[in-house]
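Taking it in order: structure first as structure tokens, then the write-up.
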Amino acid sequence: MASTFGEIFRIHTFGESHGGGVGVVIDGCPSRIAVSEAQIQVELDRRRPGQSEIVTPRNEADRAEILSGMHDGLTLGTPITILVRNTDQRPAAYDEMAASYRPSHADFTYDAKFGIRAASGGGRASARETIGRVAAAAVARQVLDVFHPGIEVVAWVKSIQHLEASVDPATVTAEAVESNIVRTGDAAMVEPMIALIKAVRADGNSVGGVIECVIRGCPAGLGEPIFDKLEADLAKAMLSLPATKGFEIGSGFAGTQLTGREHNDAFRMQDGRVRTTTNHSGGIQGGISNGENIFFRVAFKPTATIMSSQQTVTADGQNTELLGRGRHDACVLPRAVPIVEAMATLVLTDHLLRQRSRVGG
Amino acid sequence: MASTFGEIFRIHTFGESHGGGVGVVIDGCPSRIAVSEAQIQVELDRRRPGQSEIVTPRNEADRAEILSGMHDGLTLGTPITILVRNTDQRPAAYDEMAASYRPSHADFTYDAKFGIRAASGGGRASARETIGRVAAAAVARQVLDVFHPGIEVVAWVKSIQHLEASVDPATVTAEAVESNIVRTGDAAMVEPMIALIKAVRADGNSVGGVIECVIRGCPAGLGEPIFDKLEADLAKAMLSLPATKGFEIGSGFAGTQLTGREHNDAFRMQDGRVRTTTNHSGGIQGGISNGENIFFRVAFKPTATIMSSQQTVTADGQNTELLGRGRHDACVLPRAVPIVEAMATLVLTDHLLRQRSRVGG
Amino acid sequence: MASTFGEIFRIHTFGESHGGGVGVVIDGCPSRIAVSEAQIQVELDRRRPGQSEIVTPRNEADRAEILSGMHDGLTLGTPITILVRNTDQRPAAYDEMAASYRPSHADFTYDAKFGIRAASGGGRASARETIGRVAAAAVARQVLDVFHPGIEVVAWVKSIQHLEASVDPATVTAEAVESNIVRTGDAAMVEPMIALIKAVRADGNSVGGVIECVIRGCPAGLGEPIFDKLEADLAKAMLSLPATKGFEIGSGFAGTQLTGREHNDAFRMQDGRVRTTTNHSGGIQGGISNGENIFFRVAFKPTATIMSSQQTVTADGQNTELLGRGRHDACVLPRAVPIVEAMATLVLTDHLLRQRSRVGG
Amino acid sequence: MASTFGEIFRIHTFGESHGGGVGVVIDGCPSRIAVSEAQIQVELDRRRPGQSEIVTPRNEADRAEILSGMHDGLTLGTPITILVRNTDQRPAAYDEMAASYRPSHADFTYDAKFGIRAASGGGRASARETIGRVAAAAVARQVLDVFHPGIEVVAWVKSIQHLEASVDPATVTAEAVESNIVRTGDAAMVEPMIALIKAVRADGNSVGGVIECVIRGCPAGLGEPIFDKLEADLAKAMLSLPATKGFEIGSGFAGTQLTGREHNDAFRMQDGRVRTTTNHSGGIQGGISNGENIFFRVAFKPTATIMSSQQTVTADGQNTELLGRGRHDACVLPRAVPIVEAMATLVLTDHLLRQRSRVGG
């Protein structure tokens, strides 16, 4: 359903940007997994606004409260509910936007679908909804560590507009990415990217880019053959994030320029294991992981809410102009990095538990 | 679950390439919809092998039999089962491939996941599995025509390797696409593309490319805000197809080169309706259709099974070489066009029924 | 999944008896439905402890807070989260019970399943979990009133141990039931039932009984033919309530004493509508409502936690004796009446929305 | 959804009584389980018509064909499709019944729901639909035998109208039940029950009764705490069978006559295991199995289609009389015994796989 993701490790997010709060209920988490609010908080802090000079100044601590499903630091096997209260709400900033539809935002389509919307703060279309995903993934991360230690999920900013980073998915570290506020893995691109974001913001404009993500240490055999292929669930996970416009895995669109002879990944035995000599497949074949690195890229469009005057219409059907207000990122990518990791972690955890249910005798 | 797609108009495909047959059970189809075996057959014929000189010569008539859910040409509201028997089976062609894993195919990963596989004909990883999808979509097409007449779904070959067609999503017709065996919408590219496929095949090689698809006449309001965004479900649908490596909607990856000011689609009133002056959004905003054309592109890698010798390993862990045999497309794109349309039709129909369940009063 | 109920109007309950709180996330609720916290509170007050002299003295106000999904008193179409904080927690009362398994309670089986349990307050096995169901049903009730006005759901205590009330499902009113603290519909049985409960409680013992429920004004056509028959979903809903041991609809077990000629409900036209002259079917035929009154009965066993010494074992496998402590109902039936109504309302609402999704053209 | 049952071991049944056939698709079955058509056939033969002098003479061999999901006698982990063709169709027998609604049958409600029905043979409301369930359960049985050997599921006719058998759930054997055509476990009741069925049939009438079922050897820990309690899923499974009106587990409705002190099952250590000294709980506490025998009873109403004239209405709203025709059981219970076992087996298998997915580290 609309706000549910996953088959066994199943999450339900809830909440609008303004209002009582946002959060998540996690159903299907195995019991006796150690999880702390502190671990969840670390991930929430990575996505929260106000964390650096290049992200939105909306300043919310985003404190997670675990309402249920835990006992003495261990999961109970029952639904885990995590709530983050909304605190820094400025509904006045949205008065004008309640009357007019922001171009390329979800204002108009929510009205078309529901006949009503929570204009203040963007309601459920706000990126605050992803808090629940990130919190749930912090729990999922602990499940992975217990059930299959050694799986790494690392994402980074691959490009911002025309600036492209050079990063090796096989070796990039989370520490390298986290060491700079733009969250790219290429030290040489940090300053140019920061400068671009600042310049665009100063101009009342916005930019997008591409995030790349690698999963290392994934066992072979995850993913389901037909509709729930591992790459299909990753694609859905990524396209379910706000502002995303594209997904590609392994060789992606560029792979269409190769012939089969060039593109095929030869198998070779190595250390007693079946390995491939190249990895155009991106670690997945026939929807199922083959034990190589899984890597994919996600396209994020430029932020829709800009501080410039734009043509639009009012909710009652009059042409008008709208100047964006509120506190918005001129570039969402730095804050989107932990969210991409979160969605990848959720997909992996769910497929790991699905596979466990069927492995025999 | 693995072989189930959709929430309300829900399909379950079944069947291996060799064996009793392949097919689909459709659950949740509204009653009293007129559907004929002939309509289903038209679509199956568009995807079947042996239809032209550039596709696999495997020659199966792929005759659909409706086993249940129909009465006097009308749907009963009960599960509709459609079965296509396998006929032209040549298991001997797969003997060698049973022993060795085809590079970049699903042979190894099926074994890694299940500890067993139906090597003959590729089993369930064969593109024959898509017969059930195409048959189901032919039924879904009739539901759309009754519940919301005027929705068009048209796909075409946008590129094959380096050859790119010039096609306008706003005006391309199904007839234009269907008039050439490569199924592109650009008459000037038909012969070059055919020539490329033939040359590659003659070389024992293969090529991939990009299919583009447009949905015209879709009402505003379809798609769910969070995980089941319309573009997320389209992405999953497309990445669930064999050989796909990427998906992009609207401006896609190229849109990351634009600024927000350039990318935003201004709203204007036109004929009493809210319209956009550009369509970088690709007809979907915040996961919900806005009434403009929905268009997206899907990357298909070159066919994995090629008639060339390749390095690989045997099922019991020995390095070896394998020369592909069997009857395979050197380029899957012409036959994938109706399959892309089928998946888009299934997503639309499901979301249309989901929306109907909730519209009030 | 475990804590999810419903296909379209789908609820997810969460929370342990002691801890941050209990509640529910409702997904799939139509938009623009007027719902007030006051309406929810009315239903929560009907099930809350401490409401009369014959129920548990645990005294919690059970104040509902709507965290999400509402705007200016109307549903947004997004997930509605309702939270009730736990306040009157006395974990000390559970120390001994943490060490020993209460007979016929869920203590042992939770440990067997999860390897851990929240002993304090009974954790998730506490009847406090039903708060989320009752709150969700209060929302569902408003959906029914908008989408199909005139549906009544009324339950009452049919029997307590050997005391059986005489109540006519066709005419009993919610007011009559609510006018007495035991919630039976037979004025003559009120005092005897109250006296029985008090006597049993004074003896450190407990009693069970039967709740009957009628749904009046249900349209014909709700329910799905095979697994999701309306009576099957009602049976599951009722058996999912704590302490229930049986369910019967219409003629139920007694109907097995009749012959087909006696049991069949003859059809007759009446006021232009197809009606039945008797109603052994209980308003459902072939899993689908026929427009007659739907009525069913639910058996509740005597409360497991009693204030008497009982033989049991400790969590580490020693035979022992346990004297129940804590604040428990000697008879759960008066408080279970609104919960039975809640589950029936949830089943109806879900099936009403399911039917809307498929009704044609 | 309507024709889907189970969360992990998930079955989809399809098919009308007359038409191409009936069957099932099983998704989520573990791979490498040995299953033979012969094993499936044994179970189908137990439920098929024409097997003895007291059941319907409709004479169909009900030959199962496995269309997919198997290879060399082993499951592939892909969907298993089993088809049984319809052969002995006599649509003429239904001409009159197409025009008039059979009392207490699903004729009227299907029309009310779908606006159309397959009158011939009863369509999907025919008990032939249960063929798919029985075939699927024959596969599930093999999964249980591999994953948790030693689980027994035995059902028997407990009563027919006023005739009640005396059977001990702890010791009754499948052989004893199968040794008589009425499928009761009490030798003394065989002849009286057969005589009653024959007498009722000779009179153009019908009778119902109660089937009891025991599950022995079930491990502790199966079942989910809240909505998917093991008894709730069993209740739904049983009430989803045609002609059922009631379900009770353990002490059931009779248990409401006991006090808590009498009803509670004391725990004692026995052979190093936690056991109960009585079993009013019926092997399930808090929705989760406790390792004791699980036993329950299901009420079946008398067959609706009787060979007597009854008052009814026509499909176009005229009062009329209808004399039943066709070949119907005067008492469905003997043939329902394997179906009750099938549904219990499906519930167990699904919960066993669900539990496996979450057991840690």
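Should a chain be cited, it is by its letter among A, B, C and D, assigned in written order, with residues numbered from 1 in that chain.
The rule we apply is simple: a residue touches a chain if its C-beta (ideal position, glycine included) is under 8 Å from a C-beta of that chain, and two chains touch if they have at least 3 such contacts.
Owing to the predicted nature of the structure, the values given are computational and were not obtained by experimental measurement.
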Report summary line: Chains adjacent to chain B and to chain D under the stated definition are A, C
Report summary line: By Cα centroid distance, the chain farthest from chain D is A
Report summary line: dist(centroid_CA(chain A), centroid_CA(chain C)) in Å evaluates to 39
Report summary line: Rounded to the nearest Å, the gap between Cα centres of chain B and chain C is 46
Requested in this report: List the centre-to-centre spacing of chain A and chain B in whole Å, with centres computed as mean CA coordinates.
Outcome: 26
Requested in this report: Return the residues of chain C touching two or more other chains; collapse runs of consecutive numbers into ranges.
Outcome: 1-4, 8, 13, 28, 31-32, 77-78, 113, 115, 124, 225, 360
Requested in this report: Could you please specify the touching residues of chain A with respect to chain C in the complex?
Outcome: 1-4, 8, 10, 12-16, 19-23, 25, 27-28, 31-32, 65-71, 74, 76-81, 83, 113-118, 123-124
Requested in this report: Could you please specify the touching residues of chain C with respect to chain B in the complex?
Outcome: 8, 28, 30-33, 77-78, 146-147, 225, 353-354, 356-361
Query raised in the report: Hey, which residues of chain A end up touching chain B in the complex?
Result: 1-5, 7, 13, 101, 103-106, 108-110, 112-113, 115, 124-125, 129, 159, 161-162, 200, 205-210, 220-229, 231-240, 242, 244-253, 255-269, 272, 274, 276-277, 280-282, 284-291, 297, 299-304, 306, 308, 310-313, 317-319, 355, 360
